[in-house]
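The following pair of complexes shares a single chain, chain A, combined with chain B in the former and chain C in the latter.
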Partner chain A sequence: MNTANWLSGDSIRWLNAGGPLQEVVLSSRVRLARNLAGFPFLSRADEGQRRQIYRQMYERLTQLPIGADLAFVDINETPYLDRQLLVERHLISRQHAEGEGTRGVALSREETIALMINEEDHLRIQVMGCGLCLEELWQQIDQIDNQLHSVVDFAFNDQYGYLTACPTNVGTGIRVSVMLHLPALKLVGELEKVSRAAKDMHLAVRGLHGEGTEAIGDFYQVSNQITLGKSETEIISEFCSVMVPKIVEYEKLAREVLMRERPAAIEDKIWRAFGLLENARTISTEESLYLLSHLRMGIHLGRVANIPLNTINDLFIQTQPAHLQKLSGMIMDGEARSVARAELIRRRLNNNNN
Partner chain B sequence: MPIQCQRCKAAPATVHLTDIAQGEKYERHLCADCAEEEGVVMKTQQAPLNEIVTKFIMHKAAAQELADLTCPQCGLTFVEFRGSGLLGCPNDYVAFQRALDPLIERSHGGTLQHVGKVPNRAGNQVQSKISLIRLRRELQQAITEEDYELAARLRDQIKELETP
Partner chain C sequence: MNTANWLSGDSIRWLNAGGPLQEVVLSSRVRLARNLAGFPFLSRADEGQRRQIYRQMYERLTQLPIGADLAFVDINETPYLDRQLLVERHLISRQHAEGEGTRGVALSREETIALMINEEDHLRIQVMGCGLCLEELWQQIDQIDNQLHSVVDFAFNDQYGYLTACPTNVGTGIRVSVMLHLPALKLVGELEKVSRAAKDMHLAVRGLHGEGTEAIGDFYQVSNQITLGKSETEIISEFCSVMVPKIVEYEKLAREVLMRERPAAIEDKIWRAFGLLENARTISTEESLYLLSHLRMGIHLGRVANIPLNTINDLFIQTQPAHLQKLSGMIMDGEARSVARAELIRRRLNNNNN
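Up next, the complex of A and B:
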């Protein structure tokens, strides 16, 4: 299928529909790792077996009720730029984009469901949603998983649970994560404390694109690390009722304190970001993320009224390299992208201004 | 003929120092005791060498035993797993259990028992499918070696296991 036409410059559903605590929690994600019983894991599978696994997954998935909503993308046959586009939209991992051999992803029309085939495990099911909505996402993914169980046998063992290629995922195979926006905690220098507390609770704190990425523009991804010895619902409820609300509360408190004690400093950050974004003629991905982060904070503090939050959310996604090139319909080098990026930002901000 | 200690002038010098200060080169030859008194060297505790060697060998042997673990289904060795961090097939969890359990325990907060979701039709089917991994590997091997009689037999066995 043609990802180029399908994933045009549209808004991202899982980022743009509001959702609980969205002033701090951008999005939630749940993924399950599964492997077919009767096949080796991928590190010991040859190309013939990879093809067999892919075909079996494709055939079984299309039989299911959810199959009707899925479109399959053969990653091996997909051009580089389209693969990058999928990474930028958080639909596949970097590892999957840059890997080798037969592999693919099945996507729902709304892009909230993605099933990666032949990534690290035979199957990685993920569902995404706006704000803090892990409980709903669990209901959804559990149902998809149940549908799959009716047509395939997954590698499972009474003691270790679902068996995964890497023992760090064994048991439930679940990874729950939330994307957090923590500009105030960063400004008051309390981020280190949050990060330490999260690590004490066996949670991982990472950058925007997960494993091995830097935190840019005050965006952080927090996820569980323990997958064995706790049930899926226990893992999720710890997240939803303890960890995340605490961080959200802490961030909001920091925002209040900043507005009370250093209003000029905060407003200066917000309006400088606004000024730069409205006037820049060339801008890097990193700088735009950093400035958009301040603008987003301005919206939530009621300082910026005429820009909808969705415009900012769209820009987070669309200012990335593959998106810029897809939107403009041509291959651009870094310098040309910086010009196109600045142009896109100016256009989107001015549209809302007038 | 060994050099005599420059300090006590009795014992043979075993510590030889060359020092350059203000462009001039000094040489000092001291016995072990004098060197220690001058703070030039620290006398080490007599290490029970045989104890260290024994420990080392024992440790090596235990590690070697674990390293030699091989999964009969997929053929992966524990050493290969340590290199990549990725297991070769579901049966590795059983084949490497002794070596793997401490690692799993460490990364999952001290537990070794799954308490989450259980597939509603788990059991015999999954267990019997484990041998498909080995059969498929043997089939590949048979084809490579052009042993078509064996390949045909293996294909039949695989087909039998594949049908639910």
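Up next, the complex of A and C:
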């Protein structure tokens, strides 16, 4: 696994500044769950079958037009730190990193496409992009899916649709999600209301790393929960034209209200975050995210100049434990990482601040 | 009361940088409690008697050699904000500011001498200086006391010494105190030990504004509790050559240990304080003191350059509520003061930081 360019501080494509509604929507993601016909689900597959599935997926994927752009990573052969690196870059799930047996991931050069083999399902196709771009992502993933159909026979039932390991994915097998940044709604105490409304519309609201994780730094992942009874385009269109724009509108309104009614409070939050990030000598992942989140809001509110949004976006990823250790070229305990993290943040902010 | 020069940002003489052991000892203070013979203590004096005492003290003080240097402030006629200003500058006690009836204070031009009339006793003579300078202060206050003796008859008993309103002051009527800055002892968790040792030696350890106040920003006032059975010079000498140097030594040792064993933790504390002070848009008195205290330690440890110690010392006083309101020329509520306080700190730190 060649990780050199991941550590060079290059911007992460799917987190790039410039995406639609990027003041609130960091990134979008679509994934499809697929299973090969003629093989048991992984919970009942033995290691020999896992190897067959992996082999078949590898061969078929490399035959596809997108095959030339894919690099295969054999997760079982990948050292712990590199697996964590993939998790921190949102390219594989934690379960996939920590699982057992033959399994892998195929990544596109720009890291916007990731195909996990032998995670929960035989294949999980994932595409990511910056800002709110679900419609484009749907075009892209649908094309990959169509290419795959020409060479692979997927488990499909005329009544239910695609069959998946977990019943919550049966049907379209689609999961659509956006990463939202909602600091103002949090500050005005209206996040609960938005969260409840989202749940009423069968959307799940989760933390930065998906299921079972806490919201840190005011980042929330919102995703659909229904995969059955609606077509993929219906799900995407509901998301793109109703749900997300509504939440974005609420967040922007809350920012305006805050700037009008409590300008000192909001400026204080932004500038304290800046002061701490520029000066701390030791800092946790959690605090970094929290403070970077306030700085990001400050940039969007036009209060902080001279710091490019991409610097903040990069730091979200590069301040994570595995990235820090790969960057420094050594294994570090929590205390050493906190010192290295503070140093990295200071260096990046000061570079851009001159 | 002419307060123009108090608000100009001139350094406060008794807080000036450059005093002996100033890394730990901010300032020293000696006060004597005296009562006029032939008058009842104030708890039993009526307003007519209070006026007579005030009158007599005023006349006698103006006759003294130091009289020409004294400005008299009739506290009863002084508006609330100006009385608070005197408290914040440690020139009168809170009780004196909030009391009733004829009472006043005579101040030397440099604010190092303050004579409270009709506080708890008929007269309280106070001299202050920067760093550990109790011996010089004793010379000075003894001289004032001697000058007074030539024109005033004080209540004195051959067996007990000077008679005072509160029995804890009977005898010499002397109270000796130093303001100590003990951030490292606090950080290493050894403050309690020092505090207990001080108490064993009949010293009181209190917060910034004396009796009944909490220690804020790692500042502690240490004072003698015994006024009977020891001469003034014995008390002073014990304080200057045993007690205070011992505590200073402990604090310096703790700073060295911290710098050696937890350099990141101590640097972090110093620089976070700097970052917050330079960037906050709203800040409380308490947080200011706390952060300024860390910055002060950073200057003494040689970690922070470009900020003169006197800027920090001034800010200790000028960020207090009455000072802020006098500076801005208007009455402000707590929220407005917090904004003005943050602005003042940013301006002062940036002036010195260019």
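We adopt the following convention: the second predicted complex is superposed on the first by the 343 of 354 C-alpha atoms of A that agree within 3 Å, B and C clash if a C-alpha of one lies under 4 Å from a C-alpha of the other, contacts with A are read in each partner's own complex, and residues count from 1 in each chain.
Note that a residue touches a chain if its C-beta (ideal position, glycine included) is under 8 Å from a C-beta of that chain, and two chains touch if they have at least 3 such contacts.
Computed from a predicted structure; not experimentally measured.
S.K.: Contact-wise, after the overlay, does A:N35 reach chain B, chain C, both or neither (first, second, both, neither)?
M.R.: A:N35 contacts chain B only, not chain C.
S.K.: Looking at A:K230 after the superposition, I want to know if it touches chain B, chain C, both of them or none. Which is it: first, second, both, neither?
M.R.: Only chain B is touched by A:K230; chain C is not.
S.K.: Between chain B and chain C, point out the one touching more chain A residues.
M.R.: B
S.K.: Quick one: is A:F274 in contact with chain B, with chain C, with both, or with neither? Answer first, second, both or neither.
M.R.: A:F274 contacts chain C only, not chain B.
S.K.: Just checking: does A:V339 make contact with chain B only, chain C only, both, or neither of them? Give me first, second, both or neither.
M.R.: It touches chain C, and chain B stays clear.
S.K.: Just chain B (first), just chain C (second), both, or neither: which does A:Q143 touch?
M.R.: The answer is neither, since A:Q143 touches no partner chain.
S.K.: List the residues on chain C that touch chain A in their complex, please.
M.R.: 264-265, 267-268, 271-272, 274-282, 335, 338-339, 342
S.K.: Considering only the defined contacts, which chain A positions touch chain B in the complex?
M.R.: Interface residues on the chain A side: 35, 37-44, 46, 48-49, 120, 142, 145-146, 149, 153-163, 165-168, 170-172, 174, 202, 225-232.
S.K.: Once bound in the complex, which stretches of chain B touch chain A?
M.R.: Touching chain A: residues 73-76, 84-90, 93-94, 100, 103-104, 107-122, 125-126, 129-130, 132-133, 136-137, 140, 161-162, 164 of chain B.
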